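First chain written, first letter: the chains are A, B, C and D, and each begins at residue 1.
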Amino acid sequence: MTAGRIFTFWFLIFTFAAVYYFMERAKKGNLPGVRPIAGLAALDEAVGRATELGRPVFFVPGRAEINSADAAQTLAALEILSHVAEKTAAYDTGLITAVAAPNTYPVAQEVVRESYLKVGKPDAYDPDMVQFYSSEQFAFGSACLGVMMREKVAAAVMVGFFQAESLLLAEGANQAGAISISGCTRLYQIPFFVVACDYTLIGEELFAGGAYLTKNPIKLGSMQGQDLAKLVSVLFVALGAILETFGNHSLTQLFKK
Amino acid sequence: MKRELPLGITAVVGFLFLVQYFFKIAILKSMTDELTDWGTIVSAFAALLAAAGLYKIHLEKIARRKGPWEMSIVLVLVMTAFIIFGVFLGQKSAPYLFLSNQVLVPLSAAIFSLLIFYIGSAAFRAFRLRNLEAGLLLGSGFLVMLGRAPIGEVVWKKFPVIADWLMKWPNLAGNRGVLIGASIGSIAIGLRILVGIDRGHLGQD
Amino acid sequence: MNVLRNLDRRVIYVLLFLLVLYPLVKPMGLPVSVGPWTQGSFDYINNLKAGDLVVVSFDYSSGGAPDVDPQAVVVVKHLFKKGVRIVGTAFVDQGVLFANKVFDAWQKQGKKPGVDFVNLGYLAGGETAVAAFGNNPLKAFPKDNNGNDTASMPIMQGVKTAADFKLIAAFATGAPGPSEWVRQVVTKYKTPYMAGLVTVMAPGAEPYLQSKQMIGLLAGLRGAAEYETALKEPGTAAAGMDAQSMGHVVIIVFVILGNILYLLDKPKKAKA
Amino acid sequence: MTTNWEVWVSALLTLGAYSILFSENKFFQLVEHIFVGVGAGFAVVVNYYSIVNKGIKPMTGKGEWWLIIPLLIGVMLFGRFVKGMAWITRIPISLLVGIGVALALRGAVQAELVQQISANFINVVGKTPGATINNLVMVVGTIGTIMYFFFTYKQTPIVMAGSAVGKWIMMVAFGAAFGNAVQGRISLLISRLQYLFGTWIHLIPTK
């Protein structure tokens, strides 16, 4: 095994096992309660508002390609897109999905189409609900600004991987008078979302979207497994700091293996 | 077949990359390197698909005189010209370089520089002492701004020190916590996709 | 007060625009103090001797260039003034554009390519490319940016590994940055290393200063301005510092105003 | 004022971009559409060459015949345009997702999980009381922030206290990061102003 990755390997296996165990448990009906997550709860409110006003919902699933190391955020964003698209389908509300990563484009189209099928409104689905703007960071940003203002979007959901364009999108939404819900795990960008948006999914709250919104038992189980992994992380942090304080380096050595 | 084959590909490719990361096996290394190149090639086709989508939308707008359709004409013309310059005249030809250096680069810089204005309006709107949490956000943001402003240290020598402390300790601690949580979220979604539980991205039939 | 309550955001925009512009046109000359991070880099370079060989790496792209490019410009200026010879590299594709600009300007002033400096151009591969350069600069760059053989150049004589350089000054807006250079070159060849970074990256690089793996650090436009001050040759960065101050002041004042209004209005809302 | 027409083009485009600050308008629309057009054209050119240089040339020139496979997989993305063949699009997507998920897992578990945990393995008692406080902020802050992300545990007093500490630390962290970004963003504006008022209309002396 590659030196320096042995402990990492076992930690990964442990996390896999924890998630798997709780998913199996959930299949048998042992479902956890989940604490409220404001940003996710606000999604329905946002779509509702757009419906009332008769104006579209604007959705951006981040800018990461699905074959990049940031793919997980895009995939989490697409889970949320699937929920939002089901709602817009059910209420006949307009939906504009703006895509920046070319290879996310066909995937996002698939996700939206499926949502419309699922609610029984295949005829209401329009492929133009998913539009590719640009893979150039700020060309994408300027296109989003323009579209949000021209179409007077009533809700803007921006979740996934973002870079400096985050504030551009958030302020654009604000100026369009839209209710704004954002989410990302990138540390440099969360602050801009937190300051400029109505609701922000911070870090892992983004990944909770799929389970929280669908109430899918397997995903809820997965969440419980994730919590166990976090609990173990907390214990490791505490134990490691205590051991180091007393001059014992064993845990530090273990983590370097 | 329509469902199993794609799920199988994802699982096999994913586990291959994971095993390669943890175990030193020469053949796996060359396989994953090759697959990474394949990913680049396939993604390049996705870019062509996306561009085709852009053409479709704007040509339709022009045909139906929908929205700011005159602008769509400009978009289609500029895009076509750039492609022709790049593919037929080459990436070192004068017209290609003009469009990249005098249009693309300055526009990126211009849109990027809008951010300071938006920082101003966002700070004015959101940095308010509404409650404890908003107060912490406001307080630390305000102190760091003062510490980073050249004029801040003229007012009080300690402002830069405070700003550095905030960046070095609370900022780092918060970031670490967020990273640890988010990484576990990534691992879970990764596992669910590899074993085929999450398959929304593949659509349905 | 009511004017402020209904304040249009465009008022903030206009004030920002004008007040940042003003000191650029009419510099106010607010004092810039030189911090220890900058001083470390300056002192090291100031003690170099004519003929010493140094690497300047342009690892930045246009997005962060406003922060980093002025740093590279002033450091190269100092190096050339001391008669130091420079090997220019780029491990980010757009970096070579900035390298060209800097070296072209100095060539016009009489510095000879291949003798006083060499612009090696861009090498793809990120961290691996940095490692390859450290192991064998000539093998990593058999040709310079203009396609000339590097092995025959006077400036490259006697260069076998990164250990043969007196300093590596690398300017970065992302990767490869300090962690890559330290990991691949500094730990192996003990070459003295300094970085010029965008402001947001600077705190993350501080551990390398503490561990002495880095001799100095320039942080953002401010770092460049401090260096210009240390060199006693204020340039574009120093002029920008006044503008920086004004920009900060506008935002800070508006945050204060916003809170005064909020606190004044709060009792009314509570009653209602 | 400069007579270089290329500078004029860049300067006018910059002004057009700034016009969005006033309101959505025709000038901005024009700039936006030019930008998207150039951006998309750029992407097509870059990716065209990457297909040619990474796929077609090595296949035909160097005998790397197997590169026909990714080229065909890439073409499958267009399957949606052929009736009854839409499902074939899933093959390229599944390949890309497989790569992406694995890369994400690798990055997450090593750099973001294991290394971030072990970065807190520090001797909390520092040389000075101040250093001890800093270390405590680090360890307690990290633990609190992780606890904020406990979604399924009962909100017992310990969990609630931990997650409150986490929320506070995060707010301080986000405020600081926001304030820290201001400086760099002003630099960007300065650089544009120097271009507009220096290079273009010569109001600022350019060196």
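Criterion: a residue touches a chain if its C-beta (ideal position, glycine included) is under 8 Å from a C-beta of that chain, and two chains touch if they have at least 3 such contacts.
In this text the structure is predicted, and so the values were computed from the model without any measurement.
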item	value
Chain pair with more C-beta contacts, B-C versus A-B	A-B
Nearest-to-centre chain - CA centroid comparison	D
Chain at maximum distance from chain D, centres defined as averaged CA atoms	C
Centre-to-centre distance between chain B and chain A (centres being mean Cα positions), rounded to whole Å	14
For chain B paired with chain C, centre-to-centre distance based on mean C-alpha positions, whole Å	24
Chain centre separation in whole Å, for chain D relative to chain B (CA means)	3
Approximate Å spacing (C-alpha centroids) for the pair chain A, chain D	15
Chain A: positions in contact with at least two other chains	5, 8, 12, 15, 65-67, 72, 75, 102-103, 106-107, 110, 133, 135-139, 142, 150, 164, 187-188, 190, 192, 194-195, 202-204, 208, 223, 226, 230, 233
Sequence positions of chain C contacting 2 or more other chains	9, 13, 16-17, 63, 66, 199-200, 203, 222, 244, 247-248, 251
Touching two or more other chains - residue numbers and ranges from chain D	17, 20-21, 29, 31-32, 35-36, 38-40, 42-43, 47, 77, 93, 95-97, 99, 101, 103-109, 113, 117, 120, 139, 142-143, 146, 149, 170-171, 173-175, 177-178, 180-183, 186, 188-189, 191
Complex contact set, residues of chain C against chain D	10, 13, 16-17, 20-21, 24-25, 64-67, 198-200, 203, 220-222, 235-236, 240, 243-244, 247-248, 251
Contact footprint of chain A on chain D as seen in their complex	17, 20, 23-24, 28-29, 31-32, 35-36, 38-40, 42-43, 47, 77, 80, 89, 93, 95-97, 99-101, 103-110, 113-114, 117-118, 120-125, 135, 139, 142-143, 146-147, 149-155, 170-171, 173-175, 177-178, 181
Touching residues on chain B, where the partner in the complex is chain D	2, 5-7, 9-18, 21, 35-51, 54, 68, 71-72, 74-83, 86-87, 91, 96, 98-100, 102-104, 106-107, 109-117, 119, 123, 132-134, 136-145, 147-149, 163, 165-184, 186-187, 189-191, 193-194, 201-203, 205
Interfacial residue positions of chain D with respect to chain B in the complex	6, 9-10, 13-14, 17-18, 20-21, 26, 29-51, 54-55, 67, 69-71, 73-75, 77-78, 87, 90-99, 101-109, 112-113, 116-117, 119-120, 134, 137-146, 148-149, 166-183, 185-186, 188-189, 191-192, 195
List of chain A residues in touch with chain D within their complex	5, 7-8, 11-12, 15, 32-35, 37, 65-72, 74-75, 102-103, 106-107, 110, 133-136, 138-140, 142-143, 145-146, 149-150, 187-188, 190-192, 194-195, 202-205, 208, 220, 223-224, 226-227, 230-231, 233-234, 236-238, 240-245, 247, 251-252, 255-256
